[in-house]
Every structure is written in structure tokens, then in C-alpha cells.
Amino acid sequence: MRDAIKIVTIGGGSSYTPELVEGFIKRYDRLPLAEHWFVDIEEGRDKVETVAAMAQRMWDASGHDVKVHVTFDRREALPGADYVTTQFRVGRLYARIKDERIPLSHGILGQETNGAGGIFKALRTIPVIGAIIDDMRELCPDAWLINFTNPSGMVTEAAIRNFGWERTIGLCNVPIRAEIVEGPSLGLDPATLTYQCAGLNHFHWHRVYDATGREITADLIAKINTDDSPIPANISPTPIPEDLLHTAALLPCGYHRYYFCTEEMLAHELADFANNATRSETVKRLEDELFELYADPNLDVKPPQLSQRGGAHYSDAACGTIESIHNNSHTRMTVSTRNNGAIKYLPDDCIVEVSSLISAIGAEPLVWGEMRPHERGWLQVMKAMEECTIKAAIEGDFGALLEAFDLNPLIPNGATARQVMAELLVAHEAYLPQFADKIAELKASGIEIGDATVRDLMAQGL
Amino acid sequence: MRDAIKIVTIGGGSSYTPELVEGFIKRYDRLPLAEHWFVDIEEGRDKVETVAAMAQRMWDASGHDVKVHVTFDRREALPGADYVTTQFRVGRLYARIKDERIPLSHGILGQETNGAGGIFKALRTIPVIGAIIDDMRELCPDAWLINFTNPSGMVTEAAIRNFGWERTIGLCNVPIRAEIVEGPSLGLDPATLTYQCAGLNHFHWHRVYDATGREITADLIAKINTDDSPIPANISPTPIPEDLLHTAALLPCGYHRYYFCTEEMLAHELADFANNATRSETVKRLEDELFELYADPNLDVKPPQLSQRGGAHYSDAACGTIESIHNNSHTRMTVSTRNNGAIKYLPDDCIVEVSSLISAIGAEPLVWGEMRPHERGWLQVMKAMEECTIKAAIEGDFGALLEAFDLNPLIPNGATARQVMAELLVAHEAYLPQFADKIAELKASGIEIGDATVRDLMAQGL
Amino acid sequence: MRDAIKIVTIGGGSSYTPELVEGFIKRYDRLPLAEHWFVDIEEGRDKVETVAAMAQRMWDASGHDVKVHVTFDRREALPGADYVTTQFRVGRLYARIKDERIPLSHGILGQETNGAGGIFKALRTIPVIGAIIDDMRELCPDAWLINFTNPSGMVTEAAIRNFGWERTIGLCNVPIRAEIVEGPSLGLDPATLTYQCAGLNHFHWHRVYDATGREITADLIAKINTDDSPIPANISPTPIPEDLLHTAALLPCGYHRYYFCTEEMLAHELADFANNATRSETVKRLEDELFELYADPNLDVKPPQLSQRGGAHYSDAACGTIESIHNNSHTRMTVSTRNNGAIKYLPDDCIVEVSSLISAIGAEPLVWGEMRPHERGWLQVMKAMEECTIKAAIEGDFGALLEAFDLNPLIPNGATARQVMAELLVAHEAYLPQFADKIAELKASGIEIGDATVRDLMAQGL
Amino acid sequence: MRDAIKIVTIGGGSSYTPELVEGFIKRYDRLPLAEHWFVDIEEGRDKVETVAAMAQRMWDASGHDVKVHVTFDRREALPGADYVTTQFRVGRLYARIKDERIPLSHGILGQETNGAGGIFKALRTIPVIGAIIDDMRELCPDAWLINFTNPSGMVTEAAIRNFGWERTIGLCNVPIRAEIVEGPSLGLDPATLTYQCAGLNHFHWHRVYDATGREITADLIAKINTDDSPIPANISPTPIPEDLLHTAALLPCGYHRYYFCTEEMLAHELADFANNATRSETVKRLEDELFELYADPNLDVKPPQLSQRGGAHYSDAACGTIESIHNNSHTRMTVSTRNNGAIKYLPDDCIVEVSSLISAIGAEPLVWGEMRPHERGWLQVMKAMEECTIKAAIEGDFGALLEAFDLNPLIPNGATARQVMAELLVAHEAYLPQFADKIAELKASGIEIGDATVRDLMAQGL
């Protein structure tokens, strides 16, 4: 076990950070941090400095001697890092607003991780992960990359398969949240349950067994449309047809609502859009409030309001993973890692989100085996969509982007989808240098942004 | 080589039959028929007798001594059959009208082979194929089943994989049509070209090479939206984005329009729906006209009007296949047959539509190998949808039907799709005994058919 | 957690049993046994009664109230069983003597688990496992089958894949022995190490990592030919070429010596054969001595001499597995279980021996992924040999037996191997009813047993 | 169709060449050659000039205007080549004598294509194929490489998979010989039969069907040990057990004798070895006689003695392939080409020998599908052995060479095999620069060649 652990968090100015800090404080005995570096960009200076000051207050209040540092140059932070965690958002929340509003302005779901919006988030984020890995290779070649940046599955696939950083683990709070809330909904202690999970990030299924080995999946399916449902706060609680779920005898994740109930989810989101209350706009407001709280020099604990933000249990996933690596503790967790045959009929070298053991050698997936045709078909088309997106992101390949849109089940193919793609390219111009030529061509052809909110952001240079 | 070939055609009263007869007449030297039996149902007595009389006139005019028989009991026809060809339509064209109009009445594509309509056509047809095979096993155990009944891929998969009739070959006129019309569009003799085709029925791609081995796929992609395009008559000529096609560097089949241009295809079909001019209604009118012609006792050749019907080159596929089996001629054709590794990442025992050699041992597929992620993802989701549909058809499994709808890329998931499914179940009650309980439950719950045309048909007992 | 656990041990009269009992006593707090039934055959009455009396003394000395029962009818023992452990030997040690001496009398390795002898052990054992499972299905349908009977991999494959008893886990002491002895040879605490193991029973490889995640496989390869080597007592310590091992960078199991050093192993065994000191004959003598000790009414602990017997750490594997199931403890162990993609390029439904988690739902394998061509080729030919053997055992298929011999890398193909096969069939006649016709044919053709020791056993009806 | 075809034959001085020339003459109408270049090495000047003179006489006698050229610099010959055929033998027949005699001097089969000798032939040959391809890439980038050099499967795999020359087809006369001689043994016209062949070069199986589609494989198995057997002249006609063959219901190739009857084949070869009549020594004598004939200035047809040489029907394979490419004739032939799923459970990108269509786009394999466990196990271990050999050949990787020997089923593992390997390395020093360090080390350690014949060759610098 190494002492004096150094952690670097890229995107340290996130509103999530206090939860992460709280997680490290709780685990200090088994995970003795020495330094925590927050890396962010100049545009986020206010936020990161606010959060760092609060984090330092939290550590000080904990009685542990941990030093929080802020830098705007990740190359200053990386040397000697043991763990690099990523939670940055290229283009900040303004970009997410565009990802959601532009498709909705044409009657198409934006969906920031799996839909048209998610494809564009991947296009913006993946090149940055590549640059971070280039720096890690030089400055901290033994460090682990713990990725939380969405779309977490695609970003993790790019990190491992394309950029070759084997010591990457992709995380998400969705699986851990299910593990925490589902058992109690049946009066069972979560610690006694066995979870088998398989799929892709934001697109996975699980089965659950009690302490005697009895499967309780069907009991939990019966809870899925009730108030006890483990739906993340950012997803409208549209009922999923239970007869469909019982046929598969598998629990979906909340994001399956977009696919199984596309019509209803679109209706919800169009209503939100009309009220300037898309999830991104709501989050923006929540974040503004959170930062006001964080700025209070007397606050030295995570404020309860953060739990409405949507990433609850983030620290259980992130800090738990790091602690398991550090202590070689072979903890069973659901993470994004290389498939290698865990899920049949998906490519061996693609990244999947599966039940794995986490230890000093990283993530070892448990075998899931064959999928039924229904789940298999869904996973395969989504993985193909992800592969096209990653190729587009890395190579600036417009044909691959067309193919990602064409495959995406949330995007109805045709001229409207083309218009959405064009507007998104133009709106995100600053963060898509790999598509500079295509964007120039579109602008020359007179593409206009239809949504006034997005036009306003662009006018402000956001 | 066997002499005195006996052919049995199930659904002999089809308007296509004269083309089939013409095909046999053209090939008589290499394929000497002795008897041709037409099997049909009592409701189709007029049609089959009209067609049979015309077929006999065609044979008589040809100078060959071939006898045409009509029966309404297939067990009378099957003994001693060498080849059984299937071109029947359970529920006749009235069922197709329901398949197309019910979804469109709710703003959803019907699509009679791959969409909601195609799923229901499979539900009606597959049990009948099972019954035919039961009879063949007893009465003509060495016969080949040459299936032309749509959805041809799913029906063929059921015949081979589920009902165990290995001597089945599934056909479609789409691939052979491409082979006939594409070369001339570039001024090339079709006989000199090499076609590599792979995918599923009505969902396949191909590459083409000239006599020197040079690939000419890109040249043909450039023709796809021109007047020379090999689009079947039944598909609206919506332009497919060429940049998407050039990315894959593969030629799609016409049915890809539904997937690549869903928005435009839906708009076309909604306009046709409003004019009572859906494809099924148009075909109904064409067929009525054809049968008037066929009834002319002086007509002893295939009338030119048949070529507008949509199945052009049917006889080139069907008669060509039979001739290749009979003469052991190792002809290269695109047919539906067992995958066995021909297309990677699709199940080995599923049926695919691929370039194959046809000889006395049946169809041997040529290896295609790996698909790019884009085509792979599409094929996988479609194959999964087909597997769910076949299971639903054979087992009357409502959960599997839900899953087929859920996976189908032409059906937007949600309450409207549920309503469409319910109406289709009720409208096709007479042909879906495997779903009797579910239909009774739906009727008890008060499901109503929204479309007046369909209600009229039902009121007439059609 | 269930109370009052009932365990049934088939082949309870084995000399190993005291170790098993000791293992249960050590784990009583977490695994509270109520009854332990020993099932054996009449021919083994003396042995099983001796062992049962000693086992009862051991439990009594432990202060726990556990009752040992003996029966010669497994249907009396099975009702209500929680765990059925199998350690029987069809034909007793006399059969093993034939398995080893007949091949060696012709200059061919017998090798009781993977060679010609192992094939015949499978032929005798697999039908009996089938009969046990038939009884379990009726009498204790929720029980787990913990198989220790060799050839453990093939027997487990028959149990799961052929006889359909999913609740089977196959065990062997070889992997656990490596985990116990290797760490200390480098001065490391075994509890801190991570083992990744994959292959087939008696034919697997492993990698080892220390607590910080550093791989120490190469350090252990350097120990393999030293006195610290973890070679089981039953395998001659012929040095394995280290350059070969370092190329793979994997630790082999002791049985690989037969394959990597065939010439030397054969020379050793021929010398033992000449001295009537084949392993089976040595074990026979050791067992006779052990049973003299067990008969001592004052002995109530496992005698140290048992550790020379060859199955050391048997109880760590068997009792550890049962305890992990009972307590749902997710222990990492190497067991024989269904592949399901854990090892690429072996069939999904075959049984492999791999690192797995053991919990109340049984064994869940960890993904190993791709093998290098060298290990892959070896595993594939061995698995194919196993499949042919299992088919021969279940169906009495002589062709499959020919194929198993033909594939077995320890058997040089030709007339001599045919003679060995014929003699083994005849010598084991009493236990191979499925080959009765072939054996009758061979006897009629005048096959004679060449080895005098085997002829003597046969003359005594053994 | 291109005119004025230019063919370059590397190893033009082979005794086989007149058969090749005869093949081109027979096919001149469909394959109009303009130039045929013979490339060879200075040490083979006499032979190649003799053969070239004879080839020119043959062309002149045919009345076609084809010019034969000789060069000792392949870069002079390659520019403008349409087809490059390879039939060279690195180290000439002297190397083959070493390949066979060194193993036999230690009681181990040499086997020049699949045994220890074959491994060393691959080590010598593969780097030369790499150099030829480097030159082709520069000088004739559109040419086809038609490889006949043994071990043809491994050389073809290196050419396509490792050196990236996609336009390579590997040939062997064994499959075509079977197609020519088997039908007549049953009184059937070969042209009416359908062959399905799959496996590796010199290690494949086939099934045969008559003109009506009836399988006649079993009838041919019954002929395999008779005088009509299609055994190549170079393989001793040891009977293969028919019960083994009927179990698989597949026809083996002649080389399977080495695996199925290892004991008998070894006895034959040891007898030949003792008489200085190993196959290589016999061939050497045959070749000397052939070259005396070829030197006769009146000889202008292929002499009948050539058919004893062992490569009969070479020209049917080689010229037939070239003709099919040139004329885009889609001929069904068995060739070595990329697997791509044709044989399940072998790597997609390895080379297999399978029934394929040959046309202007090269070889397209037909799907074979699943293998039974027996054949599958054999193929997998042989392919793994081939992969290790190719890696050793290209990288000079001694560990990979150890692994190839370890896997090879014809080599009993142990100290003797190590000695054989060492002697072969030293004996072939001149042609194994990639192993220079290892050879120096072995020589320093005092390795001696045991066989006097080989020592004599080495003393003569051969």
C-alpha cells in the first residue's frame, strides 16, 4: 500500500466536487490522501476557487492534514499523481443546453448521453481525454484514470481502446444507486444482495439475488413504476410497460425509458423545452444556487441541496473504486471496462458496463454470457452507434457522424435530423476543431440556428 | 437428373403465377416439367381457376406437354413433388391493407415486410409454413421448399431453424433485379459482373466488381438517386443521402429507404393513406385488372401489365434456383439460407440473405466476413427483431411480440405503438389463433379500430 | 442462511474423508452441519464403516453435535440433502492399476486423468454421475453437487452440459495448492496475492499479482524447478524447460509435465512400472496403511500420513466452496464451471477451470479473454478430446472413443494404441456396460491382456 | 481481359516447371501469355537454364509466340508482371534431406511440411516471401502472387496476414488430385461431382456429392485403403483405420496418415532412413534423372517420368487458378485463403484451405461452418502450431520456435526433441539469419550433428 496518495481531479470546479471530497473524508482511514489537486480552465476560475476553498474547509474540519491545490495547467498537477479523476464538461453547461434544446426545437429528443446531444458531447470530450492521456503518459505513467465524464462509456472506450490507457476505469452513479435503493424497497439489506449487471453505460440491465441465492428480479420489476423506483432525478418517471420488463426478466436502467417510451419521454421534454426548463437549464439554476452556498465561508460540509443535482452516490462509485484499487480489496462493482467476452456477441475489445471485481490490478469483469435476442439487439445497435461516434470524434470523420446519427434509435432519420446535426455542428464550433472544414462549409451554405435561447448563448460567446 | 419434374405451387392463384409459368416455359429444355399443381384456398377459387386456365393455355402454346392441376387440398398435390414453391398470402390482400392502414392511421409506417405490418404478416404466415412442412415431411420428404412468401427471410428462418426443413431456400426478387438493371446503367453487361451481397431479406447491402476485378460500387452509388436507379416499383423513390452511402461504400437495397429516410417515407405514405392509395390498395386495383386480363380465353402469354405489379424478375429467381438445383449447375445467386459464419456477429443458425452457390445440394453461402459497425449494428437489431417475431408467431408469445415491436426501428415506442399492436391483433383475429386469448382480452377491454377502411373490411368479414 | 445442514458424500469410504471431516470441523461456526451421510458400495463396506466410525470420533472430539450415517443405498441418503459431494472411484483402485499398467505395458503413458487411463476413468464414471443426478432430481432438487471425482473436468461437464444439473461445481486441489504454497516460496503472504487461472482441469495456467498489483508470475516461474515447487506429490518432478514457460509468461499446473516433457515422464513411469510401483500401486499401499491407522479406536484427528496421499488441501477446496455458497461470501476460487465466454475460442457451453466468485448463486467465472496461440492450441485439442470422451461415455459410441484416443496428445497413434484400447475395454468390462457389444466382439477375436499384474487382478474378479 | 500476359516464376529451375509450361500451353486460348520469366539463384544456374531452354522448345513446338527469359535478379523480372508464381526451395533439396534425416536420426518423424522438417522449411522460406513481396509492392503492385512453395499454408498466411499482400492465393496439388482420381474410382465423371473441402494445407477433410446431390463420401472412404486410393506418391500407403474415418464421415487428405498412423509411418520412414532412401533422397535422384532428360535438345514435351515426382496436377491447380482470375470465371477450387468465418472456431484472419470461387477478385471461400470436435481439435492445434512457426520465422523468436515444437503432434516432447531442434538450427545456419545468435550459442555449447549424411552435406558447404 502506497502512502501519501495524490489525487488530481480534472474539472475540479464541478458542483459535484463536495460530494467527492466528502467521500474521501469518510474513507480516509483506508485511503490516506496527502494532496488533492483541482484542475480547471480559466473560464471556470471563480467556480473552482470557490469549490477548492470549501473543500479545504471540509478537510480542515475533518482533522486530516490534506492540502487542496488549484491549477489551470494540468501539467503542473499530474507529476506524481496516483489517481486522475475526470469530471470536466467541455463547453460547460452552456454546451449541454445546446445539446438538448437544438434537437427539441425540431421535435427530436436531445438526450445528453445517448441521443443526438450525447453524440455531440462525445465529439467535444473525447479529443480532450486523448490530450490528458498524452500528458499522463509523460508525467504520471503509473496513475489510474478514473473517468466520470459523460458519455462515460464512450469516453472510457476511447481512453482504453483508442488512446491505449489500460489503467482506465469508467464510472457512473446509476448502477451503484440501484444497489443502494432497490433492496430497501423490498425491506432487504443491500449488503446481502448479489447484483449481476451487463450492458453499456446508461444502457444496462441487471438481475438481483438475495442472500440465499433466490432471484428477486421479478419482485423489483414490480416496484419499478412505484414511488420506490430507483429512477435518477434527471429522468422523467414515465412508467415502463411491466409486461415488457417481465418478458426479459431483467431490470433496466432509468435511461431505457428513452427507448421503451420514446413517445412519452419526447412529450415530457417538449413541455420542458417550451418552459425553458430542459434538464440542462434546470441544472444550470441548481448549480448557480449551489455555488452561492459553496461561497459561504462557514460551510464546511456537503450541503443537502446537492443531492437534487442528479449525481447522487457519485462518491460511492468514485471513492469506492479508488479505495478498492489502493487496498487490493476485490470489491464487486459495476464499471465500464473492456468486454473480453463478458457479453457474448459484442466485440471483445469494446467497453461494456458490467459487474467486475476491483483490485490493485484494476477491473476484472465477471462473465455474463449470452443475451436474449431483445437485449442483444438493443445493445448491438447502441454499441455500433458508439463506435461510429468515437471514430467521428477522433478522426473528425463526417461520414462516421452521419452513421452515428443514422443508427441512433432516438433520432428519426431524415431531413430534420440533418438540420439538427448541422445546427449542433455550428453551435459547438469552438469545441469541434476536428470538424472545422465541415462547419465552415455549413456556415457558408447559410445554416441558421432555430432556437432563440441557443442563439442568445452564441451571441454571448458561450 | 430426374425426369418428369413435378412442381407444386402453394398460393397458385397469385397474380404473379403467369410470370412463374413463363419462367418455366423459357427453361423447359433444362427443366422438363411434367406437372404443375396449383394449391389455393376455397376463398380464392375464382382466381386460381382463372390463372390455372391461363397457365394451361401458356403451356399449350409453348408446344410442351405439361399439365396444370388445381386443388384446394395441398395433401392431394404434395405426393411425389420435387419442388414446392410458396407464394401464398394469409388473409389475402385485405390483410395487407390492414397491415398498412392501421399503423398509418396512427402516424406510424406500416411497411408490409419489415415494419409493424411485416411483423403481423409473419405472425399469420409462419404457422401455415409449419403446417405445410408437416405435410411435406409425410408426403414428399425429398422435395425442396422454394419460399417466396414474405417476409421471406423470417418465413425461411422458421422453415429451416424452427421447423427443421433443411431443404428450404428463401427467395426475393430484389437482389436479382439489382443484378439485372445496375450493369446497364453503367453500360456494362450484367453477365460480366461479380456481386457480393450480404444482409437480411429486404435489408441487405452489396458490392459489385467488373470483369477485370475492379470494384464499381461507388459508380453505382452515384446512380442510386437517378432515373436509372434499381428501386422496386413498390418503394417511393426518396433520395438516400449519398454521403451516407459513400461512407459505407456499399449499395443498399431499396428497403433501406425506410430506415435511412424514415421521415420522408412516412410523409409519402401518409399522403397515400389519405388518398386510399397505400401500396396495398394500389396492388389490389392492379390485381383486379390483371385478373380481368387473365380471364381472356385468348391470352396465352404473360401480359406486360404484370411488370408494374412489383415482383418483376420473380421467375428469374424462382425458376433459376430450381433449374440450378435440378442441373447441379453451381449458379451464383443471392438467397436466404443459414448463416453458418458467412456474416460475422450474426448467429450461426439464423437465416441471412447472401451470395451463394446453388446446386443439387442446395445453397452454399460465400463468406462475407466482418461488417463495418454501421451495417453490423443495423443488421443485428433487425435480426433480433426477426427472432422475437418468429418466436411470437410460433409460440403465440405476447412478450416476444412486445419485444419485436420494441426493437423495430420503424416503430416509435410508446402508447401509440401499443394501440397499433392492439388494433392489428383484433383486425387479424381470424388468422392469429395462437393469440386468441390476448385478442379476447383486448376485445373485452374495448379496443376499437380507428380506420374506417379497415372497419369496412372487417364488417364484410374480410 | 439455512440451519442444520445435511451433507451427503458419495464414496464416503475414501481415504480422503478424514481431511474432509477436519475441514468441516474447522468451519463449523460458519457452516453448522447437522448430518453427514456416507454413501458407498457393498464391496467397500469395511472401508466406509472404518472411516465413518473415525469421522464420528472426530466430530465427538470437536464438541459439535453432528451425526455421521452410513448407507449403501444413496436413495436413502439423498432426501433433504443440501450438498452432495462426490469422491467415488468406480472399480476402486484396482481399476486405476489397470488404467496405468496396461498402457505402460505397451510403452505408452497411462496417466489416470488426462491420458489413456483418464479416458477410461471417464468412461466408467460418467454414467454413474448421470444416475446420481437422476436421483437428486427426484429426491433433493435444490441440492448442490460438489464434484471431486476425477477426471473432474469431464465429470463436471457431463453433469452440467449433458445431464443438465446446473447446480454443479467441479473441484480439484491443484489450484488451491498452488495458491497456498507459491506465495511463501517468495516470502509473500498468500492472502495478499491475486490469482488469475484459466484452462481445463489438470490442464490450466495461472498468473499471479502481489498486493500492489505488480505481476510476480516470472518470479514464480523461476521457482518451478526448485525444491519449493508446488508440484503435487503424485507427479514426478521432471524439470519443465523454463525458456518455454517464460515465453508464455504463465505458470503451468503440474500435469503439464506430461505434455511438455513426455519423453522424461514416460521414462520415469516405465521404471515405476517395472518395479510394480506405478502411482496406483503406491497409492494402494498408502491407503492400506491409512486404513490400519483409521481403525485405531483412539484416533480422533486426521493422521499426518494422509498428506502424502496426494490430495492435500482437498478440504480447503471442498469445504471452502460449500461455506462460500452457504454464506453467500463471494470468495474467489478456481473451479470447474461453464465457460460462457470466459476463455475465448473454447465453446461457450463447455466446462473450464477458471477463477470464479463462489456465492449463494454458485460459481461466476471471471473473464480471462484471449489465449496466446500456444496455450490456445493445447486447450482446444484437450477440450476436443474431452468432448469425444464424454460422448463415448454417455452413448457407448465406439467411434467417439477412437476419436478421443486419436486426439489425445499422450497416445502415439497406431496399432499399439489400438491394442491398449482393446485391453482396457476388456479389463474394465464390469464397469463399461455401454460397450458390452464391442467388448464381446474383442473377446471373441481373442484379445489378451499382456500385463501379468492386471491378469492377476482379473483372475481375482477385481 | 488483359492481353499479353506476363508471368514470373520464382524458382523457375524446378523440375516441376515443364508441367507448368505444359499447363499454360494447354490453356493458351483462354490465357494468352506473352512472356514467361524464370527467376532463380546463381547456385541453380545450370538447372534453370536447362529448364528454360526446354520450356522455350515446348512453346516453340506449340506454335505460340511466347518468350521465356531467365534472370538471377528478380527485380529485373518483376516490372509489369501480372502473375508471380513461387515454387522455390530455400537451401535446395539438400535442406530437405537435413529436414528429414536429422529428426529420423533421433527416431522422430521429419515430415517436410507438417513435422519438425516443415517447421524449419517455414523458417527458411517465410523471410524470402517477405522480401519478394517488398519487391512486388514496388515493381508490380497489381500482380497476383500464386504460391506453391511449401509449407504452402504457412507461407500463404505469412504473405497475406503478416506481409499484407492481399492478392495472394496459396495452392497445393493434393485437393485437385483427389477431385481428379476419386470419381473414376467409383465410375463417376469428376466433372459431375461437388467437393466441399475445409482445413489447412496438407491437413484438410472433404465431402463429396454426386450430380443428384447424394453424398458419396462413405463410398469413397471405403476405397481409401484400396489400390484406387488417391494417395500422393510421396506418402507411404499405410492403411488408415476405416472405423475412424466413418465416424467422422469425412475424407482425410493423405497427410493425415502421419497423425492417424504415427507409429506405422515412423516405422516406414526409419526403414527408408536406414537405406538412405528418405523421400528427399529419392526425390534428389528422380530430379537428377529428370534434368538429364530435360537437357536433351530434342525433348519438347513434358516427359512421363515427371509424374512420379509427387507434384502431379500442379499445373491444373496453378494454371487453372490463373486462368480463372484472368477470365473472371468463378471456378470452384480448393485453395489457401483467409478464413473470415468459413471454418468456425479458427481465427478469422488465419489462412485455411477451403473450397472457394476463383474469379477476377481472387478467392472467395464458401462457408463450411462448424466442425465436429475431433476435426476441430486437430485443426486448432495445427493452426496454433503454424502461428507459432510463422512468428518464429518472421521475428527470429526462439520462444515461438519452442512453442511450435511443443505443439506439433508429430514431435514427442522432451530432451530428444530439443536435440533435434538444435541440430536443425545449426545445420541450416546459412538460411536462418534471424536465429544467428541462438545458433552461435548452440555451436559454442558444442552441439554436434549425429547423422553422417547430413554432416557430409555440411562439409561440402551444402
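Per-chain residue numbering starts at 1, and chain names A, B, C and D are given in the order in which the chains are listed.
We take it that a contact is a pair of C-beta atoms (placed from the backbone, for glycine too) under 8 Å apart; a residue touches a chain by one contact, two chains touch by 3 or more.
The structure displayed is predicted, hence computed values, not measured ones.
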Fewest touching-chain hops separating chain B from chain C: 2
Pair from B-D, A-C or A-B with over half of its contact pairs in common with C-D: A-B
Centre distance in Å when chain B and chain D are each reduced to the mean of their C-alpha atoms: 47
Centre-of-Cα separation between chain D and chain A, whole angstrom: 56
Distance from chain B to chain A - Cα centre to Cα centre, in angstrom: 44
Set of chain C residues in contact with two or more other chains: none
Which chain pairs touch, all of them: A-B, A-C, B-D, C-D
Residues on chain A engaged by chain B in the complex (per definition of touch): 241, 243-244, 246-248, 259-264, 345, 347, 373-374, 376-378, 380-385, 387-388, 391, 398-400, 402-403, 406-407, 409, 412-418
Touch list for chain B against partner chain D, complex: 1-2, 192, 194, 196, 209-213, 325, 328, 330, 332, 340-344, 348, 357, 359-362, 364-370
